[in-house]
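Chain IDs A, B and C follow the sequence of writing; residue 1 opens each chain.
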Amino acid sequence: MDKRWSYLCLLLLCLSFLAGCWDRRELEERASVLAIAIDAGGEDEERYRVTVQIPIPIKIAGSSGQGGGGNSNAVKVMSVTGRTITDATNNLQLRLNQRLFLGHTRVVAISEEIAREGIEDILDGFRREALIRRLLWPIIVKGKASSLLEIKPQLAQIPVVFIMDLVENGRKMGTIPDKTLGDYLNETSNKSMQPFLNYVEATKREVKWIGTAIFHDHKMVGSLTPIQTWSLMQLRNQKRGGDVIMPLAGQEDAYVTLRPRFVDTNLTIQPNKFKGGGLEAVFSCEVQGDIMEYVPGNIRFASPEKFIEAMQKELKQEMEKRARQMIQKLQKHNSDVLKLGLHLRSYHFHDYWVHHDWNKAFKDFPIRVEYTIKLRRLGMEMEQ
Amino acid sequence: MSQFWNAWNKRKDRLRNQTLEQHANKSMDSVKDSPVTSVLEDNIVLIEQQFGKSDDLVVRRFQITTGKDAAVIFLDGMVDRNVISDFVIRSLTTENVTYLSPASNELETTNQLRQIVRNILSGNSVLFIDGSTEVYLINSRGWDRRSVMEPQTESVVRGPRDGFTETLSVNAALIRFRLKDPNLRVKHLIVGQRTQTDVFVMHIDGVAHPPIVEEVIRRIENLNLDAILETGYIEQMIQDHRYSPFPQIQNTERPDKIVANLLEGKVAILVDGTPFVLIAPAVLSQFYQSPEDYYERFYIASLIRFIRVISILIALLLPSLYIAFSSFHPEMIPSRLVIAMAAGRSTVPFPSLVEAMFMEIAIEILREASVRLPGPIGPTIGIVGALVVGEAAVSAGLVSPVMVIIVAVTTIGSFASPSYSAAIAIRMLRFPVMFMAGLFGLYGIMLFIIVMLVHLSSIKSFGVPYLSPISPLNLMGMRDLFLRFPHHLMKLRPSMFRVHDKIRMREDDQS
Amino acid sequence: MKRQDNGTPRYGFTTWQQTCLITSTLIGVGVLTLPRTSSSRLLEAGWMAPLVGSLGAYISIWMIAKLSRRFPGMTFVEYSPLVWASKESPKLGKLLSIPWIFVYLSFIYVATGMVSRIFGEVVVTSVLLNTPLEVIMITMFLLAFFLSLHDVDVVARVNEILFPLIIFPVLFIAIASFQKADWSYLFPLIRVSGKSIFEGAYEAVYSFSGFEIMLIFYAFTQHNSGKEKAGFVGILMTMVVYTLIVVAGITVFGYEELQRLTWPTLELVKTTQVPGLILERLESAFLAVWVAAVFTTVANAYYAVIYGLRQCFNKGMVFQRIASAFLFIPLFFIALIPQNIVEIFQISSYIGIGNLVLNLGVPTIYWIVLFLRGKAGIPKERKADG
């Protein structure tokens, strides 16, 4: 008998929930924002201009047989200004008939101008927002960030999907570094390293990846070209990087193309033989790859073995030269994206880290790079 | 005013009790347990009185060769006429008999009125001889019965195709010939005041746990109803938890399933008049285990069983998952799919909970209606109805296309359970889960699952916890739980039924 | 309504059921904040915090199991008077044991309220953003209430069946996140002083609280089952799971970033990508599963309190049902006492310390008293029911 009363009370309490389903919001009531672009706002108070790209579901082809009208109108681009990011998004909400939903945001584009001033406050808002994924890609855009959202690529219906695929593909091929918001936040919190982000340029019709932007704390201090970025990726993440196209020494119009297949890097800290005392860092990098293209010059090689030896030697010098350039740039801007500081802190804590301030010491820290190139295959063609 | 009301109620109750008493006097208990007289005509009058001069009571008077009058009384339609005319009447009237031995297969004598009436009602004939108080009871049952056919609710691809019929003796025979074990015990009970239904309770002595058997018999004996029309009546009266949505006693039409369960130590309850036989105790595995699993090889059997379990989960949870994902957690759906789904939903004016309920209720109505439709129209309407209604609803903008797919998959999934009662339980539970999903999303679904698990943990079927062998954890019993281990690894019977003889397969001897 | 004969009044939990009970009660809300609290003092060596923090738990559970073996079939409420009574007046025992029982029960009661509060906070901040906190807490209370309507054996079976549901997702997340791990985040291995190791470990102690309910639940176990073994294995499994989570947190985020994340385990789920999986953002799914873990914590603890109360007043099942319905109301208000999230974390550290004191102190004192009174022998001729 009493059990029945208890069940009755339970039921009554449950019925009271019918009063509201607080979190329910239908799919079509939400405006999924796939990309956000942040620029500098014009006026004084309004520091930021936020642009968003909202897909219009009905116009997307392939859904219930309706819609399918022109790709160009499949998204709507809207832009507002605000004092902070959240202020701007709230202003945007005031102009929309649906609730902004940030759970699907994949790309945050930030203009170079703002990046150079520092993006700490932008990211603070993102940290606190529960819906933001840490897997989204922050991208630094040369010029105005909103230009990234206004492109009309023919290859995809929704422009942002095009950008996403670009980065995704590059990531899989190993040519574009996978820097997500999570990585960025980890690296800024970590006192021993600096972050970097992808750097793109957008024109009317297309998007071009032009390297990476390197940071010191939250400010952008410089950028690396694609070639330098590939060196960075080989040394830091053991990723392939892109094809290496090298002019052969001493010949005109002679090129060789190496496609790296496998990269293995070891970082060792050794006592410095030169400059008396201290430590130096040596990156030993082994690259295994194939020759994909050879435009021969004047010199003919006696045998394939000699060919391979000569190529390996020349490629080695070329790669080391590129790496040196990259490191010089990093040290010039005092941005340790190589994870050198992390390595020192982890493995050489008591002998090195506690005595030095890495912020200052990185500039002059001697770093050497040694490449070992191993050519495995020559492609489908055997003749030189 | 209230005085008048009370008086009126009292009078109503009194009248009602009077009527009840009158009717009660007419039931079987009221037949006096008295011996009959030796005068033939008196006996005939007595019997006719008992039956109130029913027109289907036939009294056939004749003379035996010894010169005495005799009469055979039976109910028209229930007897095999050949037995009466050839064996009883002819043998008694033509041959020279010194003692009476009508040639029939079953012969008993009695002089108790109640037994006589009961036998007439069961289709036997009674033979009165003038001058003797001994009355012969002759087995002459011969009404039309359905022949043994494939059970319609449980068909298999591989396995025997005979199913139980409505006749108790035939059913018992179907079991006996599969289980030629002298330890197979049958207890005969009569249940139901007016229907006086014959009930057999079967178990294997030495394998089944005696307290379970005794408990089953005790509960059936304590039943005090007017009518037992189907095993469902017995099932609902003796089950442990009346208010639980989950069946605690299994029912089946297949003899091989009964035999397999008897061999695992369970008790079978057969009821005259229905082909559905009960198995007690029953645990959760009844929802998805089918005898076919044991006839095929173990890889296939395990895979198919696994598919069944997945289908049951889908049938229970898929609409709720859809509601939860689309309304509460759209960030979980891949970005490209979200846009397509939003596009599909953009024409629908209702929230997804209402949309889902609407479609589910429509499908349930269709399903119930197609059961009643005759012949070949039934299944066709089901399919056509679903497709057409679905398409039309999408074009009209009432539901989104994703919803149609979900409802279709759910419906098909719910057919995968081999046990109909279990499938109904799942179908029913779908709606509260949808409701909870509409309130709290995935959290709501989880709340419901926890409530269900707590409830399942608290149910016992005749002392066996419903969730055995998962909890209490019994690793040996788990060999037959989701995967079906090869036969040579399942040498012991599941111990959750506390069997006495544990070994069902012995090691090969060298001989 | 129930037909079967009520045979033995005390059901026998198997060893595995006890283990499930302990582990699922311990794994509750602590697992979400553990990487952060562990590495707040210990920095990279945060993974040591669960290891060190569990030491106290091992000792404590061993003592509790031995106490229960000394008084088989009796709960804490039942044997406290026996411990405190002197030969002259058994009434003295009842009187002396009242403060202990009161402290014990009210402590668990308040801790349950805190756990529900934290649970509500997590759900409100990350999954159901617009649902009021009170509603979420009420649903959790309703679940615990539903469980407390049943007998003790149901508690054992529910824990047993929910146990894989709790363990596997947590393990899965820990292991799946290793693909994004950078192991150099764990080094240098030890750079803080030994003293801070203990200080840092105390943050982890909160996550090990909860097994004091075994003071009540051990009474229902079979007498010859391995109570100590169950306790030991239960805490060991919890420790392994916790260590894995902390290691995963440190290697994926680095200890600095961990300090800035309120619910690091949840963020861990967010960053996990399982290739080929249809669903992307798994944290809602993880939270749904984690509800089961919190349910086992809250409902078990609440059941212990109600059962203890029922035994105090020597009543039956009816009392249990009515009391459990009414005792939710003060619990609700207790859970609403902390005003903001910072206060919640402060209070939970205090509860962690209090818990350590309770779990280590009370059994120790009981054993001392037993030794002093010469009653410490394990009974052989004492009637063991169940």
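Simple rule for what comes next: a contact is a pair of C-beta atoms (placed from the backbone, for glycine too) under 8 Å apart; a residue touches a chain by one contact, two chains touch by 3 or more.
Every value quoted in this text rests on a predicted model; they were computed, and no experiment measured them.
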Chain pair with the higher count of C-beta pairs in contact (B-C, A-B): B-C
Remotest chain, chain B as reference, centres from CA atoms: A
Chain occupying the middle, per Cα centroid: C
Whole-Å gap between the CA centroids of chain B and chain C: 45
Averaged-CA centre spacing for the pair chain B and chain A, given as whole angstrom: 65
Per-residue overlap in chain B, given as positions that touch at least 2 other chains: 328, 331, 335, 440-441
Residue list for chain C, restricted to those that touch at least two other chains: 1, 128, 131, 146, 281
Numbers and ranges of chain A residues touching at least 2 other chains: 17, 23, 103, 133
Of all residues in chain A, those that touch chain B in their complex: 17, 21, 23-28, 30, 32, 34, 55, 57-58, 60, 62-64, 66-67, 101, 103-104, 106, 131, 133, 158, 161
Complex contact set, residues of chain C against chain A: 1, 44, 125-126, 128-132, 135, 138, 142, 145-146, 149, 182, 184-188, 191, 252-254, 256-257, 259-260, 267, 270-271, 273, 281, 318, 321-322, 325
Footprint of chain C on chain B - complex, ascending: 215, 219, 238, 240-242, 328-329, 331-335, 440-443, 445-447, 450-451, 453-454, 457-458, 460, 462-463, 465, 467, 470-473
Touching residues (chain side chain A, partner chain C) in the complex: 2-3, 6, 9-10, 13-14, 17, 22-23, 103, 127, 130, 133-135, 182, 185-186, 189-191, 339, 342-343, 345-347, 349-350
Residues of chain C defined as touching chain B within the complex: 1-4, 14, 16-17, 123, 127-128, 131, 136, 139, 143, 146-147, 150-151, 153-154, 156-158, 160-162, 278-282, 284-285, 287-289, 291-292, 295
